[in-house]
Amino acid sequence: MTGLVLAPRGTFEARVDLTGALPGDEGLAKLKIGYGGRRAELGELFEVSGTVDGRLTIEGGGAELDRVGAGLSAGEIVVKGDVGVGVGLRASGGTIVVKGSAGDFAASELSGGKVAIAGDVGARLGAAGDGSKRGMSGGVVVVGGSAGARAGERMRGGVILIDGDAAENAASDLIAGTLAIAGKLGRNAGRGMKRGTLFLRSAEGLASGFRDAGEHDLIMLRVLVRRSQELAAFLGEDAGKARRYAGDLNIGGKGEALIVIR
Amino acid sequence: MTEPQGGGATPQKVVRPDVVCPFCGLGCDDVSLTVSGLAVEAGEGACGRAAALFRRGGEAPPAARVNGYEVPLEAALAAAAELLEAARSPAYAGLGTDVDGVRHVIKLACRTGGSVDHYASAGLFRNLSTSQRRGWVATTLAEVRNHCDLMVVVGPDPSEAFHRLYARVTPKTGRFLDGPRKIVFLGGEPSAEARTQLDGVVVETVAVPEGGLVDALSRLQAIVGGLAPIEGDPDMRPLAEALKSAKYGVLAWSAAALGEDGDLVIERAVAVVETLNVETRAACLPLAGRDNLIGANQAFLWNVGFPLRTAFRGGVADHDQSANATAEALKDADIVVWISAFRPERPPACDGRLIALAHPATEFEREPDVFIPVGQPGLDHAGLVFRTDTVVSVPLKKHRDSSLISVAEALSRIGGAQS
Amino acid sequence: MILNGVEIRDSFAEAFPMVGTRLIITADTAKWAMIAAKTMTGFATSVIGCGCEAGVEREVPAAETPDGRPGVAVLIFAMDIKGLKSVVPNRIGQCVLTSPTSACFAGIEGGDAVSIGKALRYFGDGWQISKNVDDRRIWRVPVMEGEFVCDHETGSVTGVGGGNILILGTSRGEALAAAEAAVDAMDKVEGCILPFPGGIVRSGSKVGSKYKGMFASSNNAYCPTLRAQGPTQLPPEVASVMEIVIDGVSEKAVSDCTRAGIEAVVKLGRDKGVVAIDAGNYGGNLGPFHFKLREIMS
Amino acid sequence: MTAVRITNGKVLDPANGEAGVARDVVVVDGRIAAADAIDGAAETIDAKGGIVMAGGIDIHSHIAGGKSNIARMLMVEEQRAIREPQGPFCACGGGLSTMTAHATGCRYAEMGYTAVFEPAVIAANARHMHAEMADIPFLDTGGYLVLGNDDFLLDLIATGAGQQAVNDYVAWQLNATKTMAIKIVNPGGINAFKFNSRWMNLDEKNPRYEVTPRTILQTLIRAVTDLGLAHPIHLHGCNLGVPGNMQTTLDTIGATEGLPLHMTHVQFHSYGTEGDRKFSSGAAAIAEAVNKNPNISIDVGQVMFGQTVTASADFMTQHRNRGIASPGRFIGMDIEMDAACGILPFNYKDKSFVNALQWAIGLELFLLVEDPWRIFLTTDHPNGGPFTTYPHLIKLLMDRSFREEQFSKLAKSARKHSNLLEIRREYTLEEIAIVTRAAPAKILGLTDRGHLGAGAVGDVVVYRDDPDREAMFSRASYVLKDGTVIVKDGEIVDLVYGRTHQVAPDYDGSMDARMDRWFDEALGYKARTFKLSDDEIRGGQGAVKHETVRSS
């Protein structure tokens, strides 16, 4: 079962906006997509093969490929390479797997489904887009590498796990949801956090408005690791105790950063 | 109004009073210009920057150039049209032009495709980050001038960019003020010139540790909203009390000066004002308006429906504030159309071709493929620009005969040659 | 039908649909899980007087609970979903939230949602925290001992209430012993509870009364002391009758439970003083579920 | 000479008493000529089976200016979702409740409208308004200047400067802003909000100037009467949207003392306080008052269900309503000692008691006001809903069974509170022609518009006589603007631009000096910068200046 396969016909000379290229679309080759300052038929840029069966594979990929899987609601997209900005933008379901890295606004305003990116992601992972009040509201995002600035900005639900580092201002103005960062934090993580949970390895990099609330045996942790494979992998299956930092207290926030004691 | 001077070979010296200044967005209209032939000197009313930007020697403007060679204007326009015809991803950048110039950028970009951004839009989009998301309560220059009894300047002194700000909006007296006006600099210091303008106004400064403005405003927001935030430096309680008891408190800032976290600073300042308005009156004065930035954005909104940083592809507009920012767009652009009619702003470095519709005095790091010197709106031709408060727009007039064409005309002719 | 000397009467238990849910109550120890479960299912013998019928379904091993701690599954039944939505949060709030180390989870999916944490979170006075993982929301309500963790809501199911058997014995002691044996066996059936004290009700009732406002009253046809004063269902050798009432999540669960109970009683046999097994019904016109004893045992 | 002959159609021209007359309409050089003025024509349009009317005129639609731009910015989702397709005559605009200038012109033209007037020009924003209106294709436009909250005027009244000074000031402002009528928005209330008043009733004094809305209204009614403006004061009254405001509206009618007054979006001002929710329809009482007072005209401001954005100078009211914004955003601005604005997205829902009742109240007004020459078809675009809903609204008015079917979908609680089902009236085509063309032209004093008599402008529409009136009015068969065919079968086929209309009454020259001083002191810039010049209107074309009694 291979589904549809898109193979680039050559190197891209301009940014390609793949909005609308979703698995399950019979007429993919005729789809008008943005190519630099022009519009082009997808078939001009990609060789389209295979059959529609809910899966779409993009061979090669490339940092020029913007908005891959934007608006996805079902099915699977696999990119055997990098993607540009806005991968999984406002998707509500399905699965997107990127074997390479992704640009800015990956999984921005995601409301469901799963996005897995093997490499690094740019700024504003899962964040709110222009003019939107809220970022990602549901679903799961797993990043194998590191994330750029403002990961999870204004996020209000769902789970983001970052295996690598998160640059400055991670979880800025985060409303709710769970953001786990295995690596180092840039400065001011969690600034303006209203609610929500950060899972961290160390408190270094937390914004100034966080205060240590001590070590606790949290039943919640036991529940989370049993309900989420991804969190189990991150927290350890026997997670139970954590040091809790409350914040951002500068703004009267009720969020928390938890450092799981292993 | 005119004062004929001398005669013979010396060009007639004409003094033009009450000239509207188009540069910073305050829209001062009491600048006096002395024009002798092509030479221009700003006198009374002009701040230092306006004087420098209005100043012209008597020399004839440079000719248009293609690949560094002087050519007739027509040839340069044709060359530009040809380059654009072949372009794949144009980036229209700079955008320092009047409303008419922006209209023509839209028309051309709609045809050629490509992204459009203004070179000074960073501050605008920091403001939009909040105004578009949650809105705000804002005010205009004359409201501040007459109503505001307490102004809080958030961050660096905006008068660095808006030279005559305080003289214009916070003079010693205001129509509805009962006592002296007070101005608090939060996390910034008034310049020496600002202090002179603020003579008769009670000036206070509240120092904020480096990088601490977001947290300070967070605490202010919390206190005004009835929460009890943690203690921090500075103590924001006195300012919160002052704002609550003010009749018309204004929080002002220059978004461009607020740095990378500026959007977060602004969001908190807006929240403070929002909360204050439940019981008393307050408003924001967001300042960002250099070189008709606001006018360009306004013209975009009514013509395209989107703010700046919009790209056109096959005639369809797509708004994306990060992807279509000039710096991002340049990574992909094979041609940059640099537009800067108000000042000799240098175009950014880029790999692609460069068409410059630029101020005659522009010094290029790299010779543009096509250089078309353009006139300055409000000096070489009439035009319309918007003030920083977005509501008022001011008419610019022609004050000398320079033969320099307007951006609108240049683009219109490029578009005409192209089709 | 006679099994091991015990008559299985040609009768049937007449049962009604009830709406029920299952909750998994956990705690640091099995002891505390059971205390919380017992407390929250207390005073829930009959929907008539208690608003619901509830009981412990089974102990759940730590490996199977949502938080990996020892747990107890309880079932709660009410006459309709509205009733269930009112009693469930109320009982959890009073008896589980308050019980040391406890947590409370949904034990059933689908059906109308019944608020648990969704309703109880307000105890947190704004300090409550919700976590939504795997499309399931849990609430963390700060309490003096730590945090009370509770699922946002639980599902519900239309089950069966009022399944029953009557054990007719030759003496009070023998009837009770037989009923206890039945309860032991019936307890092992999943999906059922026996809501009465120790699973047994000695005051099995008939519908209605001569007194206005009484919905149930002494089932005089089965009262041994009244056998001389009207129609009786008791042969002369029967001196005592015990009833076991069964509520279950499905018809099958009730049927399985009924069988398990009868089998246990039959195993004791006539020698241990069990004369007959009967069941309570109202003539078959009121409840849609009829558990025919002989069919179940055939 | 260019000439177009429209033949075989039925002419519906109520202004000239023609109700379905079979005659040719001939347009010569952009103006309507007698049918026999020329032999043949360069172009003949066969309007067989069609109804021929004058171009539609919308007297109240917020199509341009700062508040429209704020709305566009706030509703970026709508702009993203609704893009105008690229085409030879279409630009890159979009939106619905927040249409771009180009889209506004296109959508109106497709429906057969050729003139639309912006009812709220804040003087400080007039230049922007004109710049934006110049980019609206197809339509004649003009603006009504918002006065009544400007500090200069309130100061004149408060200091007893006299009616003459007020008249001079009003005339000065009309000249400076190149507008065509005077609008009052929440008289004195917007100003009072700057001094932290939250409510303003008709006889309540402004906290600063101690002037009441009644005085402001009467003073400005007197001013436009003295100046001889064709259009009466265009009033957005006190207490917009407040339950019980029907009494304010009735009192306001009383305050006119028989002088002409146009009351706008009256639906929002016709609320009672009956019923368990303390919100009820006051339409019957308002309609009765309108019927009895021939000096009063109204437009309705019908509420139509769906997402829109409300944009008003009435910051006081909008600030009060900020909590019901949907999506939850709100922009307010105090503006230049002049007025203010408040922009608030809103989603009208048929299952909402209040919204459903608002819908019914609007229709009740339409159906209970007897004289179609004094009521105008508006949704107060975009405040009650986008103007693209007009065809649907026309069907509601013309088709009782359709109206009842729609009524049955409303929230039950609202149905109980409306007597809409008792009203049997159905608008005739002629009445539609009156409320959408003839009457608007008349109330605005546009003598050469809204009719098809010789000399009128060549703004002509041919509609297919479709029994489904919504379909009929959605896409005109032909639309001519100044004699040029711009729409064919509901599609734009050519791109032309209309003109801007203004009045320029004379004023005493001493007002110039006074305004110079006021601008220098209060506004902080020059009156001469503020004043628009003719060469700023439509690329130097200037405006069409209409006669007033005191004309320059």
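Of note:
Residue numbering begins at 1 within each chain, and the chains themselves are lettered A, B, C and D in the order written.
In this text, a residue touches a chain if its C-beta (ideal position, glycine included) is under 8 Å from a C-beta of that chain, and two chains touch if they have at least 3 such contacts.
Only a predicted model underlies this, so the values are computations on that prediction, with no experimental measurement involved.
Fewest steps needed to get from subunit A to subunit C, stepping only to touching chains, is 1.
Ranked by C-beta contact pairs, the top interface belongs to chains B-D. Work out the mean CA point of subunit B and of subunit D, and you get 34 Å between them.
Subunit C and subunit D, compared by their mean Cα positions, are separated by 69 Å.
Mean C-alpha positions place subunit B and subunit C at a centre distance of 75 Å. Subunit A and subunit D have centres, each the mean of its CA atoms, that are 47 Å apart.
Across the assembly, subunit D contributes residues 73-74, 76, 328-329 that each touch 2 or more other chains. Multi-chain contact residues of subunit C (touching two or more other chains) are absent. With touch defined as above, residues shared between interfaces to two or more other chains in subunit B number as follows: 128, 132-134, 312, 314, 316, 319. All chain pairs that touch, listed by label, are A-B, A-C, A-D, B-D.
Chain contact summary for the complex, subunit B toward subunit D: residues 18, 20, 27-30, 99, 103, 106, 110, 128, 131-143, 145-147, 168-169, 171, 175-176, 247-248, 277, 280-281, 283, 298-299, 301-307, 312, 314-317, 319, 382, 384, 386, 390-395. By the touch criterion given at the top, residues 13-15, 17, 32, 34-39, 64, 66, 85-86, 104-105, 123-124, 128, 130-133, 169, 172-173, 188, 191-192, 207-209, 211, 248-252 of subunit A touch subunit B in their complex.
Note for the complex: subunit A touches subunit D at residues 130-131, 133. Across the complex, subunit A meets subunit C through its residues 138, 157-159, 176-178, 195, 197, 216-220, 222-224, 226-228, 231, 254, 256. The residues of subunit B lying in touch with subunit A in their complex are 87-90, 112-115, 128, 132-134, 212, 214-215, 218-219, 221-222, 225, 227-230, 232, 261, 264, 267-268, 311-314, 316, 318-323, 332, 334.
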